[in-house]
Amino acid sequence: MFEPAAIALIPLLPALAGALTLLLGPKILKQQSHWPLIIACVGSFLISLLGIQALTSPTLEIRQIVYQGGTWFATLGSNPVSVGWDFRLDPISAMMVPMVLFLATVIAVFSIGYMKDDPAYPRYFGVFSIFVAAMTLLVLSDNIVLLYAGWEGVGVCSFLLIGFWFQKPSALKAARKAFMVTRIGDVGLLLGILLLWSGCGFTLQIPTLIEKAKLLSDEYLYLAGFLLFIGAMGKSAQFPLHIWLPDAMEGPTPVSALIHAATMVTAGVYLIARFLPLLTMSPDLLLLIAVIGGITAILAALIALTQNDLKRILAYSTMSQLGYMFMALGAGRSDISGHSLVTFAMVAAMFHLFTHAFFKALLFLSAGSVMHSMGHVIDLRRIGGLRTVLPFTHIAFLSGALALAGVLPFSGYWSKDEILVAIDSASHGPNRDGVYKILTWLGLITAGLTAFYTFRAYFLAFWGEVKIPVEALSHGQHGHENDHGYASTHHEVNHDPYGSVSDPTKAHESPWIMTLPLLVLVPAALGIGALFGPTHRMMDFLGSAPGFHADHGDHSASKWVAMASQVFGLGGIAVAFLLYVAKPGMAVSIRKMAGSGYNLSLNRFYLDEILTILFVRPLQILGWLIQALDRELWDRLVDAVARIPAWLGDKFRPVQNGLVQFYALAMALGLTIFLVFLAFGDRLFR
Amino acid sequence: MNTDLTNLAPSPADFLASVSPAIPEFFLLALGSLVLLGGTFRQERPLWGWISFFGLVTAIALAVRPIVSVPLDGNPYNGPLVYDGLSQTLRILSFLCGAGLVLLGWEEGDSSHVAERSALVLFAAAGASLCVAANDLATLFLALELVSIPSYLTLFLARSDKNGRESTLKYFLLSIFSSAMMLFGFSYLYGITGSIRIPEILAVLAESSLSPVPEAVPAARLVGLVMVVAGLGFKVTAVPFHFYAPDVYQGTSHFGAAVLSTLPKIAGFAALARLTGLTYETNGGVFLPFESQPSYLFWILASVTMTLGNIIALWQNNLRRLFAYSGIAHAGYMLVALSVGREVGATGALAALVVYLWAYVSMTLGTFAIFIYLDKKSKHLEKVEHLNGLAKTDPIAGAILVLLLLSLIGLPLTAGFIGKLALVQCAIRRGLENAITEAHPTSELRLYVGLAVLILVNAAIGGWYYLRIMGALYFRKGKESPASNRSVAALLTGAACVVVTIAVGVLPALVTRGIGEVPSQIIKTNVLVGESQDKPVDNH
Amino acid sequence: MELFAAGQPGLFRFEYFFALAIGALGIYLLLPSPRGKASVAGSIATLGSLGWLCFLGLAPGGFTIETGLFHLFAALALVGAVFLVTQTNPARAALSFVMVVICVGGLMLLLAAPFLMAANMIVYAGAIVVTFLFVLMLAQQDGPSDADNRSREPGLACFTGLALSASLLLLLQRDQDNADRGLGQMKALNAPVAELRLKQEQTLRREANGRPTAPADNTTFLGQTLYTTLLLPVELAGALLLVATAGAILIAQRRPGTEVTP
Amino acid sequence: MIQIMDLPPGLTHYLVVGALLFVLGLVGFLARRNMILMFLNAELMIQGVALNFVAFARHRGNLEGQGFVLFLLAVAACEAAIALALILVLYRTQHSLDVSLWQNLREEGLEPILDEEPLPLSPLEEKSPSLTVAGPGPAQPEETSHV
């Protein structure tokens, strides 16, 4: 029998591990600081598996296990509010938690190798543990205030980890930017929470809230839901609030893998999915969510086309995929027959979240492995042909890329397919189906672009002639971070950008402690989609969440999009292959592949030219343009808005001129104004 | 109406019952006098420091577990002091704060005035604590002065250079100016209601505001209200009565700033809470001390104060000046509680105020404690840059400071978060409650939901400059200075403040216990208004 | 009680505002300024405004001794206050403060508070002002200094004063009007001496054997209040005096090595 | 005895005098630059308050207001003692009672506020009534605010 109190242990164990590591780390644990984290993660992981087992037991009537662990705080008064340490395990959280813990464990193991010799080793693992605690708290909490606590907690840990190499000014700037931008979202979230709370009879339990929210007026619901969505936008880097995510890549790569790909950024999706039954009551809001998701998906994909920084490509791809998930969530309305798509949309989004977490973590870790071996160089112009140098990493990256591109039997295909089906089904809804139609096509185009830029990165890094940057050799394989490592990463521009050698014998594959996690993730990234998707296991499991119902509705009318996405995806891969593999050694490689007497070389030549002129060049120009707009205009605009308070403050400073009597005058004037306002305000202002 | 003189004054038994819980304060006053006297004979750091510290510890113990308790027959609000939940929690806060300040004053400055410094903290802590419990205007006034006068002296002792003098002068002059304003307000409050006892004043005002004739409400009450708010606004640094704070903090030492930013604010907010009637459920449970104008006044004060404090803080480079503005911004948040108080029910707003006050005091005191500790180490800590690389050179102090900054930003599991959450929640509740009950809901709804948004926006702006400090802790290498004479006491105070911050953040019920509970049944105020007085008395 | 007797109730009578405005202008002119102060014009304006206010305050009910004394003390107090505000020579200003204190004492006497009159005069005129005169003697042996010939923002200060006094008077007038119409609490304020006082007088003015006590009942009552209702504040005032004394000594001590050269 | 209160100097008369004293003190506090005069002006404000209290006490027929005035006196004495000592110390530092000399603490980057307008050259100020033996002091331009 599963004791409900054990749920509370899931966040508690990593929290304790974090406290332990931070306290004892610098003096006692030192380079062994990873142990508490790993033990805690494994422990929590096992508990969560037990929880799932209990959750799926047939004796359970409602698929949820709730644990109420006492009051956190309570206020008094006419409408008392009491916030408790309430945890709930239901299918949605039961899917998220083991995923988070599994990835955290794998990434922690990877970090042992990656962060080796870092002077702040204990701090890294301490904050990492706290992050895991906060993330699981976020997912498991039963009331929205606790959820918010977890939400802010992951934000802080993200801040600390992005700025982990604080000696780099760019890292510090990125950390601050991430914190401030997501905080804008947090303001929205908190307000939304409070509005919901006060509108729904002052309850904080999420299911009760959703239940009671049905009585709210449309405007109220729209406002509250919109504020929640702003919170999700900030955390999940959706269109207007996305500017922090690319910069967040300043942090150590395992951090990017865990936080900025697999877990924290998906918190927004999780939040919206949780509240989806509530949000479906406002179709306008759903449309907004879908549109924002669509815009983000295509924008990020376009920008990713032009990037040369491997990690940034992955970051933009994360943004794009998150946009996908929001698109799916936005499709949770009724279709033409009045059949509600809520469950279908939620499952599609969460399923993609699930598969994406695995393959994106794998991609990031592979990128980390590349960086590790290449002396922290990830500029695609300076590396190349690594498939022989880093064989394991190559396999890992290829698996991740296949999954991300959505090639048929692999994970990404199944979940992306569901999303596209969901959107297309929504486009047969009662109204506004035009928008959803456009979104379906946006999704398809994005799928093609995704495949293209993923494989562009893959081909550039692993194919072609062998290029190894000098840093990889001068620093050797290990110890690149002993006391200086930060400099090598952020002053890349100071080196000759194309400075590289082509002696593959000098570079080595990463140590086993890093490749092992990669290889563990490979089957997960490739097969997990097929395991859950076509078998409807995901639908059965998630659909049984309270507030949802398993939906095996017939969506065969939308099956065409699955084929279409396959076409787009494979097309993207093919173009990337042609452009980045075939072209350089065109004659040799193509002939080798074709093998026949067919005059491929000429033919290929035309194809290449046509593709370049018709698609690739315009797309790349578009990508550059969007990126320029994004970085130069939007970024600056945000900066300018951020500068308004300071500007205002400067205007008020001269009053503080140092003269006592001036201060007294201001006091007396203030007093008089208040008096006049109170005494005659009703006559003056009405 | 009372015609009996003896009825006006509490009976001796009630008087004793009302005053007997104040034994800790009397003890502190006596101890303060002793230390002051003893300081003329010996000036030894450990001696007077320990005596004062243990005096405060004893006071806390006495406050938590009173040794004398005189049973109260009559009205608990009849005596000069009232000991309800609010007094209890805030007096413990004052004493704790005083204990921290004694530890900080321990090694601050030259050794020749250590006894005086400790004694002044004792007096000020007792004053703040009495202020929290004061039930009549005279006691309140004297208790406030008991905070102010030691503050002048502390400022004077804190630094003897030109800037120190200037800050003493500024604080002194503006303080007497503001207290003159406050007294003018007191005189009107007394005059309108005929009593200096706060519950009676409120009861009369409440009753008159229920009058069907709008003219029947004396207009002069507004003079009383505005003047009192102006005078107390000075103590709590509400804009536009805040101007002294940045200059004075900058000119004095870290210790002086720590004293100024804590005890007067506790006293000021407690006095405001009492005078606006947050603590008294008068009129048979109907909570109606004033009409809506005061809450709009506080609305304006709160919004202007928090915004101005935050936006000017963005420009500050001097640490104490920065924290002066930060204190102004936090005062703005706390004023929100006073603005929403009337509608939300006293206890909700009051609890929010108390939690935030605890949070604010522990965060600020802790921050200054770390500054004192570092100052002691490197002898030079004025600018934000001087904190550079602290995380590396002194990880413990750095960690404490980071935690305090997180609380100042208002992140969950810290007291700063709970306080802000409670305030925002109160504001929203007020807006919505009126939206349901009032005929013209929109303006109220907009006003108070707007206020909630403003708090959150301000918290975001505030995050910016706290993050700047956090950046300084990590950014670049600081100059490693030889650790000369570390002040362990200051470091311990900082750590204790972190503990309090987190304890309040995790279990705010610790400090809100008993708030809003009236010591006895509903109070029947012996009000001096009513028909009997409206009738002209024509005996002759 | 008819300070605002004439005119419509509830309306601000502009005479008062004009009188105050002229007074503010007068004080502005009288305040020290580098251009020299317009003493004659300022004095005329201030006195005129004062006279106007007194005239407006005169009741139609006729002139009694008390009215005369009230107007005398009030006018002298205000003149003294104006002197304090505008005198260039600080010593003279301090002396005019003594005049204010004495006149306020007179008003207190009219309000049946003889003990406070004495206390007020002793504390202010006898202690505070005299010690400050000493400081002035020590500090400014050469007479008024440069700073005394300048004022800080006189215009804004006078404007603030005008606005504040106008709104205070306006509010008082509003209450008075309402009271005259029989509305509101201020009626209670203007009520004749309350029953309580009668009772006090009846019970306390005689000894046990029925003989009247000494005429200083005000002091008796005050003492009784101080030792019943206000006992705690009295104790606190004691503590405060101790702190202040110690503090003054602390400040005045010349500490070695702390003097800063300007 | 009681009738007297029905005659003209009613409560409002006293309140007006109190308010005017208060406002005059406030104006003086704002305008005068001599620290001692500022303090005395603050005391003038308190005199207005005291008058209010006594007037209200009279009309309310209870003595709490009068008691309050006693505390006002006590606190005024405390503050006077401190003001005295403080002003002396400050005078020793700057050799002037001008409060505007103390404006060193202000927002960074702001210029100090100096007296630009020169004083008239003929200091025909009469000597103080009884305090000084020396003649009138010459104008001392070097004493203007030069922070």
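Per-chain residue numbering starts at 1, and chain names A, B, C and D are given in the order in which the chains are listed.
As a working rule, a residue touches a chain if its C-beta (ideal position, glycine included) is under 8 Å from a C-beta of that chain, and two chains touch if they have at least 3 such contacts.
No experiment lies behind these values; they were computed from the predicted model shown.
This structure's chain pair with the greatest number of C-beta contacts is C-D. Chain centres defined as mean CA positions place B nearest to the mean of all protein CA atoms. Using mean Cα coordinates as chain centres, the one most removed from subunit D is A. For the pair subunit A and subunit B, the distance between mean C-alpha positions equals 43 Å. We define each chain's centre as the mean of its Cα atoms; on that basis subunit A and subunit C are separated by 70 Å.
Averaged C-alpha coordinates give centres for subunit C and subunit D that are 12 Å from one another. Here the spacing of subunit B and subunit C, counted between their Cα centres, is 31 Å.
Among the residues of subunit A, those in touch with two or more other chains are 653, 656, 658-662, 664-665, 668-669, 671, 675, 679.
Residues of subunit B in contact with at least two other chains: 8, 136, 138, 141-142, 145, 149, 152-153, 156, 162, 165, 169-170, 173, 177, 181, 191, 194, 219, 222-223, 246-247, 315, 539. Across the assembly, subunit C contributes 152-153, 156-157, 160, 164, 168, 171-172, 175, 189, 191-192, 194-196, 198, 224-225, 229-230, 233, 237, 240, 243-244, 247, 250-251, 260, 262 as residues in contact with two or more other chains. Arrangement of the chains shown, judged by which pairs touch: all-to-all, with no pair of chains left without contact.
Within the complex, the subunit C residues that touch subunit D are 1-4, 27, 31, 34-36, 53, 57-59, 61, 64, 66-67, 70, 74, 77-78, 81-82, 84-85, 88-95, 97, 100-101, 104, 107-108, 110-113, 115-116, 119-120, 123-124, 127-129, 131-133, 135-154, 156-158, 160-161, 164-165, 168-169, 172-173, 175-176, 189-198, 218, 221-222, 224-226, 229-230, 233, 237, 240-241, 243-245, 247-252, 259-260, 262. For subunit C in complex with subunit B, the residues that touch the partner chain are 168, 171-172, 174-175, 178, 181, 183-189, 191-192, 194-196, 198-200, 203, 224-225, 228-233, 236-237, 239-240, 242-244, 246-247, 250-251, 255, 258, 260, 262.
Put simply, subunit B touches subunit A in their complex at residues 169-170, 173-174, 177-178, 181, 219, 222-223, 225-227, 229-230, 234, 239-241, 243-244, 246-247, 293-294, 297, 300, 308, 310-315, 344-349, 351-352, 391, 395, 399, 406, 411-413, 417-418, 421-422, 424-425, 428-429, 432, 452-453, 456-457, 459-461, 463-464, 467, 471, 474-476, 506-509, 512, 515-516. By the touch criterion stated above, subunit A contacts subunit C in their complex at residues 659, 661-662, 665, 668-669, 671-672, 675-676, 679-680.
Only residues 152-153, 156-157, 160, 163-164, 167-168, 170-171 of subunit C touch subunit A when the two sit together in their complex.
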